[in-house]
Structure formats: C-alpha cells, structure tokens
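Following this line, the structures themselves.
What follows is a pair of complexes built around subunit A, which joins subunit B in one and subunit C in the other.
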Partner chain A sequence: MNKFDYYRANTIEEAIQYLDEFDKDIKIIAAGTDLVVRLKQNMVKEKHILDISRIRELKGIYREDGKIHILPLTTHSEILESEEVKKYATVLREACSTIGSPQIRNRGTLGGNVANASPAGDSISALFAEEAKLKLLSSEGERVISIEDFFTGPGKTVLKTNEMLVDIFMPEMTEKEIGFFKKLGQRNALAIAVVNVSVKLGRGEEKNKMDKAVVAFGAVAPTVVRGERVEKALISESLDSPEKLRYIAQLAWREVSPISDVRASLKYRQDMSINLLYEGLLELYKNNWKG
Partner chain B sequence: MQEMEINLTVNKKKYTLKVPVNITLLDVIRERLHLTGTKEGCGKGECGACTILFNGRSANSCLILAPQADGAEITTIEGIGSVEHLHPLQKAFVEEGAIQCGFCTPGMIMSSLYLLKENPHPTEEEIREGLSGNLCRCTGYAKIIKAVEKASKEND
Partner chain C sequence: MEKFKHIGKVEKRVDAEEKATGRIKYMSDLSFPDMLWGKVLRSRYPHALIKKIDTSKAKALKGVVAVVTWKDVPGLNGFGIVVPDQPVLCEDKVRYIGDAVAAVAAETKEIAEEAVKLIDVEYEPLPVVDDPIKAMEPDAPKVHDDGNIHLHTQIKRGDVDKAFKEADLIVEHTYRTGRQEHMFLETESGVAKLEEDGTLSVYAGSQYPQRDQLQLSRCLGLNPRKIHVVSYPVGGAFGGKDELTIQPILGLLALKTKRPVKIVMSREESMISYWKRHPMIMKYRTAVKKDGTLIANEVKIYADTGAYASLGGPVLNLAVEHSCGPYRLDNVRIDGYCIYTNNGVAGAFRGFGVPQVTFAMETQMDIIAEKLGIDKLDLRRKNALRRGDTTPIGNKLTTSVGTIAVLDGVKQTDIWKNKDNIERVDHNRPWIKRGVGIALTSQGAGLGIGLPDYGGAILRFRADGGFTVGVGLVDYGQGIGTSFAQIVAETMKCPISKVDVILGDTDLTADSGPTSASRGVYTGGRASVIASKRMMRILKNKASDMLNVSEDQLEVDNATFYVKEHPDIYVTYEQIALEFLKEGKSLPKTEGYFLAPIADIKIKDAFGLPHNIFSFSAHLAVVEVNELTGKVKVLEGAEVVDGGTVINRQGFEGQVEGGYVMGLGYALTEDVLIDKGLFKTLNFSTYIIPTSKDVPSKIQTVPVIDPEETGPYKAKGIAETVMCATAPAITNAIYDAAGIRIFKIPATSEYIYTLLKEKEKKEYADSH
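Let's look at the complex of A and B:
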C-alpha cells in the first residue's frame, strides 16, 4: 500500500485547517471503499490522508424549506432506510439500492460517490435527475453549485484542493413527480454500470402531458450527461402510446458519446441507453397515466 | 512508517494495538490478533471473503484502514460460535453441505448473519441479494442459499 501520513479531523473546521496546511498534497478519505483500493494499487499521489469519517456534522438526512438534505457521510444503506428519502427522493433511492453489495452500501457514502466523480457513479446520475445542489466549503468561504457544474471529467471536479463537500440537497419530489433509475451492468452485484439512466418527470394538467422532465445518462460520456433533446420531447409531445415513448427514447442516441472499453462497445452502450430509457418510461406510463 | 495506537473490541474482547497507518483492518485481524477465520480473497471488496460485522453492519475488512477501525466494535467468524457450540448458521451450512473448499464460508456466514439480523425470514430472492457481495467459486450457490433458508427457520 502507498505510504502516507494519516490525519483525523473530528469537525469540519479541523478538516478545513488540514486542507489549508497540506494544500495540494492531501487526500480526503470517507469510508474508503474506493480510495483504499487505489491506495493498495499505489495510485494515490498525495502523501497525506485526511480521515473525515468521524465528522458528525457531515452525517444525516433532514428536510428544510422544501429541500431534502443528505449530508455527504450518509451511507447508501442509511439512504435506503430513510423514510424521507423513500417519499421525497425516489430516484436516488432506486440508484442507491443498486450500488455495490450490502457490505459496500453499509460503508460507502453518498459524498464519497459524488467526490470520486466516476462517469459511471450510480448515485451521480440520480442526483442529476433530482436536480441536486452541492455546498462546497473552504477557508475562503462557501459556494453552492448545481451537480451538473461539479464534474469536469472522469475523476475530475471543480473542487479546489483546499475545499470540501459539506452538503448535498435537492428539491423534495412532489406528488406530481415520478421517476426511475435503471442500470445495466455485467452482473447485478458489484458491477460498474455499462449504462445507467435516471429520469424525473413532472405530470402536467393535461392528460398524457408532462410539464417537467430531467433525464441523465451515466457511463456514456466523460461525465454524467443530461439528455436535453429527450427532455424537450418529453415535454412537447403527448405521451399517449408506447410507440411515442419509443420514438422519444430513440433521441437518446444523439445525447450520448460513449467509448468502447472492456465493459461494452460504443454501439452497445448507445443501444442500451435507448432501451433502458424506453423500459423505464414504459413502466412509468403503465403505472401512472395509461388509459 | 507512521504508527498509531488504536482501540478496538473484537468478539467482545478489548484490544489496544500500535499499528502502521497503512494497513487494513483485515491485516490487523489476521496478522495481529491471529484470527485467521476471516480471509483475504480479492482485496478489493468484490469477493466478500473478508466480511465482518463493523459496528453491527456487514463490511469488507479489506477496505477499512486500520486507523478507521479505532473505537469500533467488530465481530468475526470466531465470535459467533465454537466447534462445540456451532451457531445455527454454521450448523445449517454443515448439514446442507454448503461448503467445498471453505474459503468463502466465513464471509458467507457473516453476510448471512447480517441478513438474518435485518430480515429474519428472507425469501430466496432476498437471500440471493443479501449474499450478492460474496463469491463462491466451488459449489455454486444453491446449497448455500438452502443453508440460509434452513437457519432462518430457526428464527421461528
């Protein structure tokens, strides 16, 4: 394993001090389900490891002013057990249920998944659909940015070396809003997504009409991407038949720019983006507004 | 290498140990406490051979840095039964022949233990999901699932 010096912060304030002290040469560890693997492979260049896993202020789920806050050190299991999430962040809940394995969900945190910035991160695509915002804090102050503005490439974010993620929040889903998360992996457990799709729709007043649509694809571009053509069509069209949904889902091939790699080819990823989207939309249609 | 003193409770016994910061909890359990029931398979959290209970929840001990285990309460396979008094899960695994080489077995038992604690009467599908973080390369999974079903009936 990499050699490093270990530091433990018990409060956000302490963590920020360490980040300032070792600027650029310090790496944050939350649960470590990803970072420890990379430490073992000597893939971490930072010589100082800052353990934030004991910072109580960074754990928990609460509702405030129409928003649901899921603090970064909340584990995937805790998210799945939360009644608030079950009611107000259903897309995220579905995504968290597919992450890793029970052991990984018991340790891995939402903030860790976000900060890792994998283009295939399951919770990330769901947070796009949930229109989440992130609060970043440093000794220079705090800033709130939209989840879409956080990622710049695989493993890369706008997070400065002296900055940390301190809050993840999103509007509570209303009774009019529905959604889904779909993932295709090589197997069900512990599989990195070949493609994942997250969707949130807001039902309009008219039959078969939506007044809101947020669509996100994971593992098909250097970061999770929004499917804007699909979103526009979901709002402008009357969603009155499976054929219409099929037509809209096919617009997805222009939204994604996947690569071929060990997990899947470009063409397969494109086709599966369309199919997963269609499958999810069809389920929503059948369960919510058909006929 | 930087060393650090950590306190942990393993199988209800308290330990204070000085450990290098760049080893895992699995290393501590096997090399320092000599509890070698917990196995290292892949070392990446994919095979589940290193599964333990960490503060009551199942976890891959190969992915926990030793300093992160400071203050934790840990249960390993050695803590749930003995040769004379097998845990109902261990007994069921033996009776169902859910073991071949045995390397995955401690992890399988620990994941099953956690599953039955959370859900005393799981369906077959729920057992499969509960064991989805554990790989067996010998038997396939049918006998293992049967064994967990059998042990769950003891919860009646």
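Let's look at the complex of A and C:
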C-alpha cells in the first residue's frame, strides 16, 4: 500500500478548507468500504486522505417541502431502518437492502456509493428512478445537479477536486407511485450486480395505464443509464397483458451497452436487462399495480 | 446395542471456548522477538525459461536481511508427496504463474514486499499448455521433459464390447467439472525459527506434520530429528494443506538468517500459488438392460493436474475407482489420464476425485431412470453393491457396505416424503419452476493399496488422574480432537473433561498418517482405543494392588475402580496417579498402533486403490429455477449418511451441513477461471462461495449406521462423502424442475439461462 497523510475534518467547513489546501491531491474517505480496497490495490494516486466520517452535519434523514433528504454519511443500514424511507423512497430502500452484507451496510454510506460512481453501484440506479438530486459544495459555493448529470464514466463524476457531496434528495413517492429494484448477482449477498434495474411508475386514472415512468439500468454501460424508450412505451401503452410487458421490456435492448467480464457476458447482461425489467413489471401487473 | 456415555452423544467441542473467544493462536498470529517477514517472488509467466536471476538490487535495499534463490536450497530442490517434481525455488524453468522463483526476508513486511519487486528475472516465455486434451498430443509443448501425461491408469474387466451389443439402452455423455478452491479462511501462513540447540521449528498449519518433517528434511538437507513441525491449529484445510506449501521457503529463510521468519500469504497469492480441485473432462458410455440392470461402463477421465504432480496421481486413481459409482458392474473399461498443464496446480481436495465422477455417474443414472421409466431409488437399489460383491474395479467388498441402508433412509427424509406435493410451477410467478433431485455416492476411506495406512496414538496418564492423548492428525475444523477425547473417555471410563488432546506436533504426538481421506476417526480413533485399553490394563492392575482384590472383582466407572460386591471400597484414578508418584515411578504412558486392513487385489502399476473401507451417502435437493434469469435456489437439502457409528452427533451434523454447502458451491458457482495460464478469479469478490443467504434454511441429516467391525466403536468416516453427491443431487433437481440437463459444473445462472434458451429454441423448431 502506498503511503499517504491522513486528515480528519469534524465540520463541513473544515473539510472544505482541507480540500482547498490540497487541491487535486486529496481524496475523501467516508466509511472506506470502497476506498480502502482501492488503497490496498495502489489505485489511489492522491497523497492526502481526508476522513469525513465524523462530520455530524452530513448524517441523517429528514423530510422537507415534499422532498426526502438523505445526507451522504447515512449508512445503508440506517436507510433500511428509516420509517420515512420505507414510505417515501421504496425503490432506494430495496436497493440498499441488497448491498453487500450486514457488515458492509452497517458501515458503507449512501454518499460513498454515489461518489464512488461504479456503474454497478446499487443505490445509484435506484436514485435515478427516484429522480434524486445532489448538492455539491466547495469554497466557491454550492450547486445542485440531477443524479443523471453527475456521472461521466466508470468511477468518474463531475465533482471538482475541491468539491464534496453534501446532500442527496428526492421527491417523496406519492400514493399513486409504485416501483421496484431488481438485482441479479452471482449470489444472494456480497454480490456485485451483474445487472440491476430500477423502476418508478405513476399509476394513471385508467386501469393498466401509467402517467409516469422512470427506468434505470446498472452494470450495463459505463455509467448507470436511463431507459427512455422503455419509459415512453410504459406511459403510452395500456399495460394489459404479460405479452405487452414482455414486448416493452425488450426495448431495454436498445438502452444498454454492456461488456463481457469475469462475472457475465455481454449477451447475458443484455438479456438480463430485459428479463429483470420484465420480471419486475410482471410481478406488479400480477399484483394489480399495487406496490 | 452397547450403552455409551460419550460415543454418539452431542459433545461440546474441546476447542470451542478458545476458538469462540479468539484466544487460540493460529500460526498467522504467532510472533517472536527479532522476527523477520518473508515474501516470495512468484513467476511472471505461466510457462517460461529462466535466463538470469539478479538479486543484487533487492539485497542492497535497507532492511533486507536475506534474498534466496535455488542456489541457496541446501538439499533436494524439490517437493511433492508422490514425486518431488516441484522446485522449492525455480532454477531454469517456471511452469505456472504461482511458481516460486526467489524469496526475501526483511525487517518489515513492507520492505519484503518492496524487495521482491527489485529482483530482476530474465525469462524466455514458452507456449502455454492450457488445454489438457491438446496437451496429450505428441507434439504438444512439454511442461515436463518426460511428457505431459503424468499418469495413465487403465482398468479392464469383463467383455465390454459384447455387453454394449446386448444393451437395450446406451447412454453416452461428456461431463466437465470446475476448478474448486478450498477457500480456507487462514491462508498458507506460518513461522520458522532456529532454536538454540540447532533444531529448526516450523509452525505452519498443515495436515501431516511427520510427512512435512520428512519432506523438509530432504529439501533442507537436515536430519529430520532436527526439524520440529507444529501443524495445529489450522484455520481450515480441506485437503489444501496436505502437501507442503510455504514451509520449505520459511525453513530456508530461517536457516539463512538465523532469525525467526514469518510469512502470511495474501488471498491473491494463495489463490495463484497452491492446490485446487482437479477440473476433469469425463466421457461416459453406459450400457443398460430394459429392466435397469447396468451391464457395462466405458469411462474416460482427463484430469488437469496443472504444473506439478503433488497428489494428482492418487486423485485420478480415486476417480477411476469410483467412476462407476457404488454399483455392480462386471464389464468396465476405464481409462484415466492425469495431465500436466500450465493451469496453476491441482492436488488434494475433500472428495479427492470422487465429486467429479459422482457428478458424471449420477447424472447418467438419472438419465437412465428417466429413459427406462424406472423409479430413481429403485434403479439404484437394483444395481447397488452389497457386502460380498465385487466392485467394478474387481476387489471384493468384505467390510461394511451401507448402500441399501442409505437408500432405505432416503424414504425417511422430508424431501422424499413431500416430493410429490411440491408446487412445481409457482402459482404467482409461473416462471419459477421447482424440482427434486437425488444422487448416491460412496467414498473409499484411507489411503488404498500401495500407501501404508496406519494410526498411532500416545496416551499419557497425568498426576491429576486425567489423560493426554497425542495423535499426529490435526483438527482443521472437522472436530477430530473432540472425537478422540470422546473415544478415550469412553474407553477409559472417565469424564471427557479428564482428557486433553494434543494434535499435529512431531515432538508430542504419534505419527498417524495424513489427516485426509476420511481416515482420521478410523485410524487415529482405533489407535486411541488400543492405547486406552493398554492403559486400562495398567491402571486396573495397580488398582487391584491398592485395594487388595483380584482384578476380576473390579468394576470401573467415572474414573474410579470399585469392588463389585462392595462399591464403597474404591480407588480413584487420581489416587492411582499419586500412588505411582509416591513409589517414585513415572506415570504410565501407552501407545496404540493400528495397521489398517487392505483390499484383496492390486491394480497393475497403480497405487492408492482399491480401498477396503467405504462410507456411503445419498444427497437430496429441492431447487427452484428462475427461467427468466437462470438463477437456481436450493430450497431444501438432505443427506442420508453411513459412516459407521456416529462418534459425535453434533460434529456429524456439522460435517453434513458443511459438506452440503461446499457441494452446493461446487454445483452452482465455484470455479477458479484461468485463461492462458493467468488467473481471472483472485479472491472472494469473483470466486463465489455460498453465503448464509445462498444455502437452504434446512439441511436434514439422517445417519444410518452400517457398523464397521474394524473401526473404533465400529465407526468409519464421513468427512468427504458428505460433499461428493451434492452437486449431482442439485443438477438432477434442476432437470426435474426445468427440463435441462447439466453436463458441466458449476452450473452458473448464465449457463443455465443459455441452456434454457437452447431448449426453447429446440422446442420452437420441433413445433414448426
């Protein structure tokens, strides 16, 4: 492991100061469940590590103006325990429940999962479906961007070297909204997604009709991707038969551009994007579009 | 049946507390004053000539105390249980990516890691031999000078060609199995230390300290008596620590530096460096009569043993021996090949060749049952070997044979009772299909003809009236220490708390052969009984002196001798011990030695087969297959096991459940992927072992006991059979659920999905 200097910030302000001081040569560590692995593999080039894990202001879940805010240091376990999340961010909740193992969920943070920018990051595709927004802060000020605009490639984001993620928020799911998160891994725990699919739907007035659909796929492109063709079909068609759902799910083929690796082949990932989506839709259909 | 106080009971493990509290010190936890850290330089290529090794830069690094290469190996630069063909440090050629080329001892781990990077090795890469079948061709590049076929074992019995002509059904398929890794939690690690008297102490978890001692003596050019090997405690082994691993390099560095040297391997280094389960390609042709009678089997086995022999030969031979399953077959032609490649190294692994052939043979049986419309249990029962029969390879079964007991036991399992009531197609999610599978297996226990097979135990009487039994075997999790304590307590008629167990130490324990081949309880246990009976005679004699009555008037219970007619006249073991000491005598010590009986025939040019003692088991699985994803979930498992008498009921269940889960991983996910000699799966992130979320919540254990007269309290052994038929039980269940035959394991979700697609395509084509 390469040597580095370690700093700890106790407040957001302190953190921003450190980021400015070592601009371009400092790396944030939250719980370290991703970063420590990379440190051990000598994949971190920065010579300074900034520990933000003790910043109280960056932890917690609250509701405000129809939005649910999950601060970046909130752990996956805390998300799973939250009553607010259970009611208002069900897709994210399902995603967090599949991350790693109890040990990883007890430590790993939502902000870390997002900022790590893995195309297979499970909370990320869910946050796409939840239409989440991110607040980024630096000494130059703050900006709010949509989660979709955050990622530029595997492990790459628009975060500037002196900037940090300070808030993740999303509209509360309404009575009319339903959704699901589906993940296929090589096993049922401690598994990196071969493919994951997140979907949020808004039920329309008519039976089997949706007036809203947000669909995202993980681990099938350099970043998590939206399934816009699928979304369009989901809101324009009457979802009245398994055959129709299957047909729509097949559009996923046009949304994804996976690769082959040691976990799965390109072809399998392609088919699984379709089939996980189909399975999730079918389950909702069989349940009369109740969540 | 005899009433026992300890045998067959649930007994707390003797090592439970120190393990649960973390007090126990594994070899990776050891630390000595002035200790150095060692690090091994492994090959850069899977196959290459070494042109030059320059260690000068590494030697110049501050904090480096020694850098060693082949030149520094004082004895034979080779190790290997059967043929010492694996260099301690390579001289002129590397044959796999984990081959050791040089090693460093330095003041810190970091310096050692830095130093190996500074060693310059000039290589001339050679073509990589990565396909065992191609490797057999005469003009294939050679891994070893004398050719790539390490061993060819052939067995011919009866008239195979005639039988095939008379067959009503011939089932012919090719099977493939994956490269399973043991994934013990403690990687190969330890410390070597030169003592003041010149003895070299080697602390490294392994399965046979006395053989380690011999192999080390040959590599290091040292009198074996000057080497003290401590191989217990071990953080898991499963066969992966049967052969030497880092011990010779540790020894070399300690001799060179005259300071204690420690190596703890990373998971990634462990993965590339040492043994795996042999991947096998198996071609089966089975001839059957309409009524289900098996009449002939033609089997070809190609085992990829990787770069060096280790136990590849015996593994192949056990596969050959068990290739026809526990069935009567009088016409067989079996050809087994053990082939060198540059695909890592393969060696001993729980089951030792049997899981591979069981997968193949039990799939054949499932296909036969289906094709002939015969019940799966009836087909197996019809052909099952019984005591007195001749096995397919020609030896006569004179010992306990539990096939029928096991098949009867299957009917008692919940899975079998409920098999017609499972929801075969999920009502709410019709793409979920369920099915039930079964498979039968047997496993030769012990080393087989050609390898001397014995157990040894030393029993010491202590001043507190208790006993210490020393057996050279090790407890690597299977619980053998507890079994020995139970056996001694039962025979010595004393509480278990009075028995201490010492394992795996060349100074303190008797050579009892390797802790492998399901032989620990049978050999070490029997030796413990013999030693205990001798001890009992000595104590009884003393008691009769002390109480002034003849021996035949004495009874013994709870560590006390008393007079039959007058139970108030007694003497305790503790009092007997004091008496010895008062008389100025040393406390008695006895030894037990047991030479295991062997089979009645030899196979020409082959060793390690046939066996004489066998354990038997049937494995069952209920699975569901998700047709949209190919994902398989094992919903319930069961095993019916005949290992003779059960020594520890809890240990028995632990073995069954652990074996089942290991078999489940073998069936569905576990495979070390190697591409052109390079490893693609280096750690737990891509080498997929089951977690608690991947195993069924219920694995039913049904012991059926076919007592074995030669075993301790009529026990045999179960350690391997409990994993050998799990994979075919699961893959047969997959067929039952989704109608796809699995000819290759691991049957990953992707593979199953591909098969489902093919089936769909074929059905579409057939209907159009």
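In the analysis below, the second predicted complex is superposed on the first by the 288 of 291 C-alpha atoms of A that agree within 3 Å, B and C clash if a C-alpha of one lies under 4 Å from a C-alpha of the other, contacts with A are read in each partner's own complex, and residues count from 1 in each chain.
The working rule: a residue touches a chain if its C-beta (ideal position, glycine included) is under 8 Å from a C-beta of that chain, and two chains touch if they have at least 3 such contacts.
These figures come from a predicted structure and were not determined experimentally.
S.K.: Report for A:V262: first if it touches subunit B alone, second if subunit C alone, otherwise both or neither.
M.R.: second
S.K.: If you stack the two complexes on chain A, which partner ends up touching A:L71: first (subunit B), second (subunit C), both, or neither?
M.R.: Touch status of A:L71: no partner.
S.K.: Applying the touch criterion given at the start, work out whether A:N275 contacts subunit B, subunit C, both or neither, answering first, second, both or neither.
M.R.: In the superposition, A:N275 touches subunit C alone.
S.K.: Is A:D5 contacted by the first partner subunit B, the second partner subunit C, both or neither?
M.R.: First partner only, subunit B.
S.K.: Check whether A:L184 is in contact with subunit B, with subunit C, with both or with neither, and answer first, second, both or neither.
M.R.: In the superposition, A:L184 contacts subunit C only.
S.K.: For A:A117, using the defined touch cut-off, is the partner it touches subunit B, subunit C, both, or neither? Pick first, second, both or neither.
M.R.: A:A117 contacts neither subunit B nor subunit C.
S.K.: What is the contact status of A:I192 with respect to subunit B (first) and subunit C (second): first, second, both, or neither?
M.R.: A:I192: touches subunit C, not subunit B.
S.K.: Determine, under the contact definition given at the top, whether A:Q103 touches first (subunit B), second (subunit C), both, or neither.
M.R.: first
S.K.: What is the shared patch of subunit A, the residues that subunit B and subunit C both contact?
M.R.: 101, 188-190
S.K.: Can you check the complex and tell me which residues of subunit A touch subunit C?
M.R.: So the residues of subunit A in touch with subunit C come to 101, 184, 186-192, 194, 262-265, 268, 271-272, 275-276, 278-279, 282-283, 286.
S.K.: Hey, which residues of subunit A end up touching subunit B in the complex?
M.R.: Touching subunit B: residues 1-6, 8, 29, 31-33, 36-37, 39-40, 49, 51, 53, 77, 100-104, 106-107, 188-190 of subunit A.
S.K.: Which stretch or stretches of subunit B touch subunit A in the complex?
M.R.: Within the complex, subunit B touches subunit A at residues 1-2, 4, 21-24, 43-46, 48, 51, 54, 57-60, 62-65, 67-68, 111, 114-115, 129-130, 132-134.
S.K.: Enumerate the contact residues on subunit C facing subunit A in the complex.
M.R.: Touching subunit A from subunit C are residues 428-429, 431, 626, 628-629, 631, 669, 673, 680-681, 684-686, 688, 690-694, 748-750, 753-754.
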